[in-house]
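Both complexes shown next keep chain A, but they swap its partner, so chain B is in the first and chain C is in the second.
Let's look at the complex of A and B:
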């Protein structure tokens, strides 16, 4: 294990950016670990959420943004609920996920692709079109067998319609996307 | 009038951002200023001698010291001018440190502001007059509120020092929280064995009058002469006859009463002596559970009592005591762990508080000292301790460290191994706080000799799994989520201010912090005094504290009372209100606004007039600003003095 030079490894711009975008004061975290203790996804994480917080405190941009945990977080907000210092930990994870996406650190491409497909479907139909989403996801990732077993069970329950359902106010939803795109310049 | 001005450098505290020599130069041009100089440290011995020498040599009538806050050194300089032969009220201070040098960096602006503050002080001093305190007699008795270990120590030390002590305790026995403990850290000696003799001393001391099961209702008066109303709550037993034999407890048919002494672990009888070493060892009926009170018939205790002490018709009695000083030692309460829904919120019988566990460990407890699970009476094999429950947690508004939980948890882990050798303890902690003599060694012993496994991390949830409890937490040193199947979970609940503390503080006219703990006069240098003269603090009512610190404060408060009473008479502060009765129109507004009840309306030749009771007046000045006629004037802060300062400021 290499020795970390605390001064060199500290990226002040990274810390400032996470704090500004999340609106959270990261020095409030005293590393009690309650977020990790309550997190239902720790079992798949490469870095537990309390250590993700520590990585931000110590300004470790590279290591934090390339963590797989960022993409495996379900945003269930157990961490936020448990935090004794009332830090919105899930928000911090969310902010870093966005940063990772912007800065090309995506360590779980399949998860990112799924979300992109989900958002595309939303943009197009105003709500998610499940079968279209699956098709797009499979087309982009080639993961044909993922969750294949669920299809036969969902079909008879009417959960997988062959045609998209329209909604009222589809234009308004599209405008939300446009507004977001205009504001974030993407 | 000849005034001397002394501008202090305070080392570099003031001189760094204020040109003190220039301030002194400016001051020489102020009216009546006969002498002005700058001084390195005016509070030092040579500094004070310089002031005294100048007063004598230049024939000064008054002194202005421009230095720190009067809260810091007003007394120092008043004594100095008194030594120089002046009246102590012929001194004014200009605060050019806290109000100038510490808060601004612009040397020129600071120098100007300092000179202006000196000008104000000079203008006020020109209108000062000599004031003389009056002396009054002291009632040499002390009231101690709270019979925990801090109150016991304060009461014993005062009584041993020759004072008559009135000790008021809310519950039916003294002893407080310490009486409930099985053992004490870091020596693991028996709590009741070391506290018991002190409790007996209280009972037997001829100078201590103990009022148990009583509460302070009202406090009037002032330092040296307080008048206190004490409500002696109805016990329904004539304590002058009760011998504490316990026969009533044996026969009482109502056996499902809340057992407050045992923290609700197990039940007790409606008529009850809380524990064998209780002082006074007298029975008390809990009317919420007694059949005589609930159903109107029973009377078993009255029949069996060999001394005929039962009195169902007894009512509360209010008595009045006169004392000269008050020590408040009202202790603390434990955090209500049911606020943590993730730990079961009180629903799981085998998730208990540390003090409940203490009762399970104690030989005088409901299980006779055998550790048994409250749910099924089984002996636990795996015990999990969770620290910082209601401490260092902003989300439940308890951001402070309770200080003693780390230590008592280590003690309980050790005792668990002693009681059940085949058991295994786990302790979830955030940091171990063990700053005390032999304290850290003690926590190390829990790990090294007794094999308690310490896990660094908080616990996120506790939920039942079969007849056991699953404790899910984190080990932040490993960076992993961990879980333990436990038979018993002990929550190390933190301390919070005792219920009713703010109400008592308001009766005592002392300050309390946002959590309800009483405020000391100075956090370092006046730890047991309050800002109300004659009222002192001891123990955890001031903030969470362990036994040695509580005892230390009990003794400290007693020494303060003994010091106060060592004087023949007390001096009243002459900075009080005076009524000019020729201007008074008798509207009575001053009497209505006075927070101390120090203004009374009297009849002068058929007309109502206000009069100030000099010993009660605290000199707050509310009456002076209320009076529409300007008839009430606060000595040393008269309208003329204050307006002279305003004029000096506005016209310069």
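Let's look at the complex of A and C:
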């Protein structure tokens, strides 16, 4: 069993930061477990969502931000909808994911790579180019077998576009990303 | 119905690709009902899930570029078939109600958003603005005998204070529409459970498990078809059904159509405008079984 010295493990700045960025009062969580009971992703989480909430309350920055659960939350809003204390739990998870990304904790790299490829596609074309997105994911991860079985099913349907649908305002979209990057100093 | 119902229309990126038949059938059904859809000129991607996993202001700005375009059209309602687009547009509006948040969002945009637009789903305008009685009167080919489960997906109705539509645990809008078209709508307990969302590419095991559970539940309630309102749900349940079967050792053969495709059939829209051939698991068998069941019922009724 893990022994924690709460005098040393508690990071008050972390608690304050999650509260400020999520706009949620984390002390309202009384650990009823309703979020975990409804969460469809508990079966792949290393730390169930109610325990993630407890880690924030107890200021366990390192443990919370390195959780795989952060990258496996689909924001399905079950936890937020069912919290008896009206805490926007999914937003708390999202905010911790933002912090994990900024601070270099990435415990599910393939998931992050997929999202990065999505945003790159959008930044380049203004809209997402689905085939290009999957190709970029395969190129970056080397997972060449990704959904290879789906190609023969999809091709005859004539649904896959082989060229991006660029828009006139794609520079405006690119500028949104650039201004965001400048603001966040990255 | 008058042409008075006209909305700004946001198709969403998947509407140009993997959910082309959803966009097609939405346009065809609205056309048949006299609803005008005015495409938002030069719309861009809403940011979908990946943007909000990076930052909430970035996510809001990507959505708000489109809301500002709707304002420039002089319209106050934007309609989209896709729940993921919907949730981004509505969450952006919800957060921009806070002036400080709106200013931070507008600082990323060329054209500021005044936050005067309400985004709604195609499902919502059909259920609320057209209404079930009006829809029932337009039916030319009832979906009689069709045993269907209505699946809403996780974010069409949740969280309720943002989405403000229907019940968040047991939504009934799609059930109501399909019933008005004559279908035998089965009570489906997992109608708001998540399908695995966009994890299909990076973590296919997740989609196999969650979508597999949905298909099994639909079979359990006697459905021969699933009706959906979400491009990602449809893709996971239909295109990935083979992967689901391989992973779970199951043999599901469940057609998964967009509810707008079924509406089109009932309203007598020509099939080529509904993209029925675009889905992977053919709906032909289920539609034929339904027609035979309905004919048998009619014969029994006329004998009695």
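One rule holds in what follows: the second predicted complex is superposed on the first by the 183 of 186 C-alpha atoms of A that agree within 3 Å, B and C clash if a C-alpha of one lies under 4 Å from a C-alpha of the other, contacts with A are read in each partner's own complex, and residues count from 1 in each chain.
Throughout what follows, contacts are C-beta pairs under 8 Å (C-beta built on N, C-alpha and C of every residue); 3 or more make two chains touch, one makes a residue touch a chain.
These numbers were taken from a predicted model, which means no experiment stands behind them.
*Asks:* If we overlay the two complexes on their shared chain A, which of chain B and chain C does A:176 touch? Say first, second, both or neither.
*Replies:* After superposition on chain A, A:176 lies in contact with chain C alone.
*Asks:* By residue count, is chain A touched more by chain B or by chain C?
*Replies:* Touching more of chain A: C.
*Asks:* Looking at the overlay, what does A:105 touch: chain B (first), chain C (second), both, or neither?
*Replies:* neither
*Asks:* On the A-aligned overlay, A:14 touches which partner chain: chain B = first, chain C = second, or both, or neither?
*Replies:* neither
*Asks:* Who does A:119 touch here: chain B (first), chain C (second), both, or neither?
*Replies:* Touch partner of A:119: chain C, not chain B.
*Asks:* Report for A:37: first if it touches chain B alone, second if chain C alone, otherwise both or neither.
*Replies:* Once the two structures are laid over each other on A, A:37 reaches chain B alone.
*Asks:* Touching chain B in one complex and chain C in the other: list those residues of chain A.
*Replies:* After superposing on chain A, chain A residues 43, 78 contact both chain B and chain C.
*Asks:* For chain C, which residues are in contact with chain A within the complex?
*Replies:* Contact set of chain C toward chain A: 13-14, 16-21, 42-45, 47-58, 61-62, 65, 107-111, 154-155, 158-160, 168-169, 192-194, 196-206, 209-210, 239-240, 242-243, 277-280.
*Asks:* Using the touch definition up top, name the residues of chain A that touch chain C in the complex.
*Replies:* Against chain C, the touching part of chain A is residues 40-41, 43-44, 72, 74-78, 80-81, 88, 90, 94-95, 97-98, 101, 108, 110-111, 113-116, 118-119, 122, 126-128, 130-131, 134, 137, 146-147, 149-150, 153-154, 157-161, 165, 167-170, 172-173, 175-177, 179-180, 183-184.
*Asks:* Tell me, which parts of chain B touch chain A in their complex?
*Replies:* 342, 388, 392-396, 430, 456-461, 472-476, 479-482
*Asks:* What does chain A use to touch chain B in their complex?
*Replies:* Chain A residues touching chain B: 28, 30-39, 42-43, 47-48, 50-51, 78, 82-86.
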